[in-house]
């Protein structure tokens, strides 16, 4: 088992999920590589130091350029805010590092294109952390679709509902709140939440041709943490859009941070000629499956407790009936990435895959402004 | 279509469910008979009169003996309190009337035996209103079991939970509260609620050999509505028992009126070698079904929305997806009774069938006193 | 209690639901009027006769004009296909009859306007059968919203999913299938299913300003039952739209007959500042309610079993825990209509109310053609 | 942060859950101690070695006595089969080691008494791994009960259903199957599954006075893996019992490995005067809570997604809506154990606490033989 030295940039929420994944992946998966937590990078050394101690990162850097220059680093993992992804990823690629990048890939499609161009020229392994593909129930859905069980697809519907920004007193910007600052986040729920829905949808149901969207910012002004002033809110609090996939199916997508009662309710449903599938993040260990070919009298939605050894990834964990949770999706992603290294089938989504999601987001945001259907750029 | 003249005794809650069933059964089912609401009987004419008007009963009687004597009455339907069933049923049988009787059949097995003896000697059609057999989902369960889909049965578990008598201020006895008066009701939850569970169980899983029970009366004294005095409560507020069926399966049964949050939660589950079934009265239009023979990866509990035309009784109602409710079970029972008249397969449960439930109740109440396993008398 | 003589036009599925409602409403509700099933009208006497017998309609007519002329008829109830509503309703109004009309009101808004004009001039009591307003759980939702419990509304989402027309072999037109014939139905799922969603939404959340829709016809040609030829299908098999309400809330609506696993899954959810509500037709006796003002640690979606006597309409039925079903919504609607007669608060939705739904449908269908946002005509 | 050197005995399923817990606890919890994975002990070095490598155990021992003698070991963690617990624990206590022991504590109460006697005399910190107490939803239930929210308790019901031993072809004994060998396991579902239910019940609802049980062995003979012969099966495949708690509440408990469709369905429900609680292991991140004091019209079971920062343990994990799983209960137990060291409130359940569960199991198994109510020995 070869060592693979990781340099992490960012120590926030995603820094924790990634650190945990790197640390435990070899305990549960037999892999050709073992990630080594070599260095964590953050501007504020006072904050990075305890993080490094807590998670076992061997060293601390305060300048990401310095980290990239280090010859003992094999892989750069980008967990810093969205507006930093491009610059770091491009520099890392040029330095010949493998790259993992938090989603969304970039501030917009144009920026993403540049990233893909450089990364592909550098031929470095790369991946974007759209972790929900690796929920075992979601991967099972992918298997069922790929096996043709659903037949022709008629409908796709996804939503991602949260309720944590309803209060008017919540400021924008700063630690933990940069997602409300459009200059840092690029967009609101579109890049933060819908990007997840879109990534899964492209994976499960193929490319999207056209979209028609509306967005809304319910609270127009919020105090900015960094400036101390009340400023206009530039992000979208809510976004819903209609879409048509290349396979002829129709879709509705919706996301908001103003849906009382939903903490992180990402759900999707697919209706095919023969069968349908439903999943939701609040009970992520279950898949709902309906097969019309079942005998009529005993036909019904099956609630599949995705914890058996013949379910994706689950042979590596516990025994049937014992569920895993959110953090395991990151472990799976690392495992797949490591297994894909040096093969002809690198783990997805690559930067190129993630660019496709970026194009959909662009079309969605554009449509919300033009008030008409917009075509999605295709790679 | 022949007319069948009905004489109803009692005008309480069950008087309403039966009146509704007699009135509407021919609108939905093609039957050889049409019930005619000929007469309702109650001691208090002042109360019976508006009831008759509301439901279209043609006449009112105040003495049930007089009702039985009427030559224009074909069928006597007994909805009066438990302690009146035997005397009325025996008199009606001797007068050659068909008889329907509310459950439980009798105050105890001994009384029930006398009833069965007279009724069978008189050869009059007879039935006891264990209406839950006619919930389409429950009838579907019966079909699946009879088809051998479950294989060898290992477990049966049933419970009936309510929460309406928790208050200490609730009196016992009198209108609407006679179920708390042991002299009128015979027992508490055992005869009222567990009798339902037992009837279904005997129907679905065969006879019960032995039982081992405990009962409790949480509130020991209550004011009696009729005497105005605080009196000892004689009924069981809660009863739970273990049982062994003749087919080798093990069972647990439980009932109480002290389970906060449950209005009328009757549930049962059966675990067989190949498949399992679960049903509950709070969502009576659904049956949960698990079949181990389903392919492993997509195996799960199926939530069957029992509203299709190939589901029991449902072709007579609306269209798929549109549920029926509680009252329809009584309509089904009347339909089955009328269809069974003059055939060699009369509708069940007959008085004889209901006597078997009575024997189980007797053994349960006896066991609660002796604190040991008791054998169930077999017919 | 005064008699109110009803003349029913049509004897199909809706003819059954209405007959049942007229027959049983007085058994459960104390009302100033008693509907009398005076006459049923259908072109084919051979089919109407057994229907009349089954339900107790006193006479049969084969020409609706003749029915309207009869002086012994007080109320005309229109259950015939959509393309007949206007002519009959206008004639009935001119004859001074009360009118009940199945939904949707008309083939389009223009036709609906004419109907409203004549009906209001004639000052006859009138109502459209948007029955889902009378599901007790839905009425409870209305109460909670009117009491201001949700606060400012951010989101409304509704869908109505079915799966009964997926087979290519299903013909269009003729008995039971006129909903697939655009000349008779006016539209597909928009008028059949979304009209229900829109009616509820307008009632619960106020008027809709603008919509943006897409429609699809998955199976382009079907054999026509009446002509025997394969003909182009003119209806929409699926329709989804974005909307903005006057109160500033955003909405998504979707309907289809191509969603495997859903028989009649009408669902809606409303997200307000303080609370959210969810309901679905497949378990119509439950309301899901989330109140953010609940203490944090024990905050969660409450599954309300809407069967208590303090729930809308339920004091008239059985006891807590015992559910009612689909047909009862029609009983409630008749009860409300009869109670509203002669008062200043006639039961809704009136023809005028239903016209508002028609305007939304028009805008939706127009938008699906123009591919842009369309304003909804306001009354 | 002090180091605490751990010596693990056993490398099976529980060896994995404990290793994982020791490894990651400090990443998520701020604690006074850091467990060091010092040595793992197993008879077969060939198997222990790769386990040690995978999990980072520094050394391997093949004789547990040798492990106990090592001066660099602070804590002995016993994950070997039930029939080895006593000897090891007693030796470890005498050597002055802290002890953690997998459940059940011992083969029976008598053996457990000896263990408690020695351990308490040695005054070494000790704990038994009844991990389900540390499911956040279960801990929340404990909080709610301790706050008096439920009022007087009337009912407790628990069950633990599995379906993995239904096949007649499954052998008994040997690696992974020692739970079917009575000489190694002591009992079947009683010690394996009901022990969990009993531990939780004692914690939540206080002591149990008397029990009345039945057990069954459905498959009487199985091939023994070690002897190669078909031998009588000595364990109980299923066990159900009635119980009375000291607080006056009634209980039913049931466990089986013959319930098709249930992988590891541990559920409990508690009904109190004012409120009720329900939990199940298949959706362990949720707690169902019903509070009768809620306003009538909006009263219902609340489905609490126990993932908020004010829920037990959850501030240490992710953000609201993102669930944890089975393995985290072990992490919590280690965290609590480490926090309890040197305080006057050591983490529970101690060996003494676990002995109480053993007494209940003894009474249950005895009652299943005597066929009568048996008193539970009290500590």
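Think of it as A, B, C and D in the order they're written, each chain with its own count starting at 1.
Please note the rule applied: a contact is a pair of C-beta atoms (placed from the backbone, for glycine too) under 8 Å apart; a residue touches a chain by one contact, two chains touch by 3 or more.
Predicted, not measured: the structure shown is a model, and the values here were computed from it.
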Chains touching both chain B and chain C, listed by label: A, D
Furthest chain, CA centroid comparison against chain D: C
Intercentroid distance (Cα basis), chain C paired with chain A, Å: 42
Chain centre separation in whole Å, for chain D relative to chain A (CA means): 36
Between chain D and chain C, distance of the C-alpha-averaged centres to the nearest whole Å: 55
Shared interface positions of chain D, touching two or more other chains: 262, 301, 305, 308
Complex contacts: residues of chain C adjacent to chain A: 154-155, 157, 159, 161, 163, 166, 212-214, 216, 218, 238, 240-242, 244, 248, 250, 252, 254, 256, 258-262, 271-276, 290, 292, 301, 371-373
Contacting residues of chain D [partner chain A, same complex]: 13, 17, 19-20, 23-24, 26-27, 54-56, 162, 164, 262-265, 281-286, 305, 307-308, 317-328
Complex contact set, residues of chain C against chain D: 140, 143-144, 287, 289, 291, 294, 296-305, 308, 310-311
